[in-house]
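Both complexes shown next keep chain A, but they swap its partner, so chain B is in the first and chain C is in the second.
Our next item is the complex of A and B:
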């Protein structure tokens, strides 16, 4: 399934003032990345033996991949639940996913002490420790990045169908139909892989056992990671679709996003109910009210999860695009906070250890996000990704 | 008694199956036999195949027995009641005199060729062994009699393994290890002064359950316990690698917990698992843990042979490429970073809110197109 004949390049000038600002942020980040690669982690980051992972893992990887789950979330909706009316969202969602996961890959490479050895992970298969959750995540994310770019490839290649350049035309004309024939398998992989590694990201912190605060230490962590990645994925789709409509002066897809919001609001409530039930069954509901920083963080999480559901209660509020975007932002923030909390706040390596990202860590993260936005804008301007602005026409059932 | 196992609360004098499995798991884990071995121990015990153990004591201080009495995972009561059938042990016996000798005789007859003979202490050989006699027989006669009819022979402690203190120069009684006076079958040596009881336990349970002995090194010590040197797993190893040594007892380095090599630590040449398996489940209850150099009790050529404070040769001195820090930086929170972090989050939230306000003012369009899809 693919081929939205309506999707078209947005066009327009690349070098707008905001793009220049993003380039500047990206440039700063590149200088800092070079410094980190040469001088090492100790010189550039605030990480230490107690907190051997920091912002680059907690945000770029753990939160970033969840924000990049738009492709996964929309694929569940369109391909598994067969809601074809959402298919105009597939292309932009897949593109954000591909960019977001690539960003996560860069985040890992920066966070790993001996980054020059990273290539061995997929290659040295005879040394794999098959009991390792981290190996599963590493391989799964690597595979998923490849799968995502294969999924995005036809959108890029389509452009060159009638190119003057003979080679490009040939590649385009042979590759696009081939990729379409294989799309069932690629889509299936694109659904299986995130299900695996998003839950494994939760498993990872369960290994810390008692160093994880009891409010978060539950065998349900993998499930919560899976649920939050889906809700964050939807939220990102809403957010990105709304902003694309403003940035590129297209008609917003409010109606479609409104009905999407109606689907995700209950998901937020389910997460909250499961978390409270889990706390109660483990007998630690009481420590939710102990008033310390960690219990307050859990309460804040629960409030942030419930808030968008409340905001989207009435049909009229769902049809207000600004309201939709605000609730989507709260939703993203809720999921991001949960993941941040599990990886940094709930994690207690012992007395006297502390961590707050250093300025270079913060600026590198900002710069990488800026690069992601720039890449998105560039691709959307030049390749057929967005189909908003036209009423979603009946979808042509393609090769699949 | 195993017929009376129950999954519910046990009656007086009964052991619940759960407790028993737990005890076996601890024993198997302590000696590195893995979780599956525990289940095998349980099944063997349920079939009534508890190994009959005959424990002989000669020229010794009972230190090995004492350390065995102080294990709690499993406790000695669980050990001698549930895991093994301890049929003769002079220290633990209620019986005395002829009764005790009769017990030895009946155990040897009932389990001939199958029982485990454990020897604690060296055996004097001068003047036909008259320096140690029990029940009118010399240690030499007893050990040859009991060991020859045993299924497995284990020498526990440095005295039984190498001669130990009784054999120290000038060795007036001709004290000798078991493997020198009894050559009928291989003798498993579990040296140590005292020997770590878990190493004995693992060997005995493996023999009882599988009928095999653990893999041994060239000096007949089980590899699971004596395969590595103390130095390899020493908690003070980082100090050795970083070149931080205690020079004198009580000096600054000694008080800081630095490496004890220069005080005569034999850890680099001593094969034993003391550094990972402390005694009596008390953390740091082993020489180096208490601030004293290892004295090499498990090595035939070191313990009681080499001067206490002489240093050993180091054959594999190569430290790792980089020295791990002893006091790692624990992290500081930079005020500038928190300000920048706050500014970024604030900008995102503020920018997002302002932009969403703008969106609210865009007019709604297009009615919901529910049937747009396939």
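Our next item is the complex of A and C:
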């Protein structure tokens, strides 16, 4: 019953037309990044003293890291709940996580005003303010990026086991077994760190206290952030697996994803029930029906949380790959909306302040996502990440 | 294998119980007494009934703090900041409405338990132990702007226009205080509408004025308890919310977020315990032969 993974590079050409388009988007973003570094945040973003957190925090960091929780979600399933049958999902999920968290780190570096001083945060440990949820998030994310790349390293190094380059071969042959021996301790760290900072991302906005709308201002926010990062992580795994099967013309892992979906769907219902219970216990259930923009957003969140559960109710619908992908996308969107709402909609600095992301902010975010997709495609083409399927097109294999 | 899975589920449940218990601020935290300011806490007392809106304090503040002229307000011609910004640490505003008319002085409130200090990662914003002044040291600032999210009074401002931005806020002229002077705004005020002193004495003075003319004043001192108390105090003839001072309860603004952080990370026991339990479960799974061999 033990599932052995036979991962192999997908191969194929890198410079496809869609890859060129992604490179172009990335190039535009790099130009805008240069502009931001030279001209400052005021010239390039719509952020202001009322809304000091904008798209780069709400999407790149807060939503981006949740979407990068596939590695976390799959690791819980495979290593803690001991469901070995899902192990083919581990490698691509960890890779997506490593890339997603790395980009979140870049997003933070672009967002902070004094980015050249960021190194002081981990180094000046005697000045750490342990009251600050942001400090904990910063340290955890920095540490987790390192842990994720250590987890991914063996997949990359494996390729050089029989390399002609002596150094690479030596590194590969010594590091891979060493990392395997230490795997339990590394994976455990890779589970504790996201548990800490994903929940703390929820704590973050609670400091705004009176300026955070009562519909979202609950000590339960950390728990909701933790639960939604797991469901968003699973959703990304489903999405990414389907994407790989289409993009690389491989046999889709539909049966595995179907049973995974059966596990996630109830989680969505749990989140909704907890949120309604929380609203009721705090006595603000009534303001859910006040009909203003904020209450309508909460209703929309709840509907979007429930929709995937309903879509995945029957076993036959779970076996349909298209249906699985659609429900996964709704699930990602639900979690993303909740996070955006906590960071931007629930936050009310006063009537005369407003924020809508500027074009450069949007294009930088799009460019970073493009870079992430490109890096993913490059790595799965060249390194053993995906398993199970075989490229259908022989001429592509020849091109590798 | 069944046992292992049950053990694993127990682990997860224990983990979520930790998270859930952490999510609820403990009774002891909410029953705790209000924070007390330092014995020699310094502050301001602004009496809205005395202010004539001459804005001399605004100009004096700009001069004392080396701030550029702020012509963004009126016709881009006059130095007249309309709100706190990276170019104005102190502004005078006018309220005109149903409750009558009043001027309003805005600057950092120097909270007894400041949310900005609670937010700041490596202590660019700190509260002085003796004076209670909340001051800023750019050497420890990365420009994350979490202080702006945290402040219930929307006081800290960011130099958006610069590539090497700082956070700007009133530091109660601490450099002038070190030279034995008083803050620029109180020194120049022709009507003594804003006065400088120890918070305890200012509080007495404020209450004396209210008691002497109860018909003239709102019946309380803003800042005595709001958000856990502030060192800059206000008395006024119009309701405080018309002056833009938010209605805050007595609990310190950072209390909720802080109690969550403290409960979860008390002595760092929970994360370490979680780490140990997760590793133990994995070692057990591995012995059971269930976990996949192909691992990093």
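The rule is short, and it goes like this: the second predicted complex is superposed on the first by the 383 of 400 C-alpha atoms of A that agree within 3 Å, B and C clash if a C-alpha of one lies under 4 Å from a C-alpha of the other, contacts with A are read in each partner's own complex, and residues count from 1 in each chain.
The working rule: a residue touches a chain if its C-beta (ideal position, glycine included) is under 8 Å from a C-beta of that chain, and two chains touch if they have at least 3 such contacts.
From a predicted model like this one, the values you see are computed outputs, not experimental measurements.
Annotation for the three-chain superposition on chain A: chain B and chain C clash. In the superposition on chain A, A:252 makes contact with chain B only, not with chain C. With both structures placed on the common chain, the touch criterion links A:89 to neither chain B nor chain C.
By the document's definition of touching, of the two partners only chain C reaches A:154; chain B does not. Legend: residue contacts after superposition of the two complexes on their common chain; A:370 is shown touching neither chain B nor chain C. Legend: residue contacts after superposition of the two complexes on their common chain; A:319 is shown touching chain B, with no touch to chain C. Residue by residue along chain A, chain B and chain C are tallied for touches, and C comes out ahead. Of the two partner chains placed by the overlay, chain B and chain C both lie in contact with A:48. Using the contact criterion defined above for the overlaid structures, shared-chain residue A:235 touches neither chain B nor chain C, since it reaches no partner.
Within the three-chain overlay, chain C meets chain B in a clash at only one of the listed stretches 134-142, 206-214 or 260-268, and that stretch is 206-214. Overlaid on A, the two complexes show chain B and chain C touching the same residues of chain A, namely 47-50, 82, 84, 87. Of all residues in chain A, only 1-5, 7, 37-43, 47-50, 52-53, 76, 78-82, 84, 87, 90, 111-115, 117-118, 120-121, 124, 127-136, 138, 150-155, 179-180, 183-189, 191-192, 195-196, 199-200, 203-211, 219-223, 226, 347, 349-350 touch chain C in the complex they form. If you check the complex, the residues on chain A that touch chain B are 46-51, 82-87, 242-243, 246, 251-252, 254-256, 258-259, 319-323, 325-326, 329, 352-359, 361-363, 366, 391-395, 397. The part of chain C that touches chain A in the complex is made up of residues 1, 4-5, 8-9, 11-12, 15-16, 19-20, 22-25, 84-86, 115, 117-123, 138, 140-146, 148-150, 152, 154, 157-166, 246, 248, 253-254, 256-258, 260-262, 264-265, 271, 274-275, 278-279, 281-283, 285-286, 288-296. Remark: chain B residues 328-334, 336-338, 340-341, 344, 349, 352-353, 355-362, 364-374 touch chain A in the complex.
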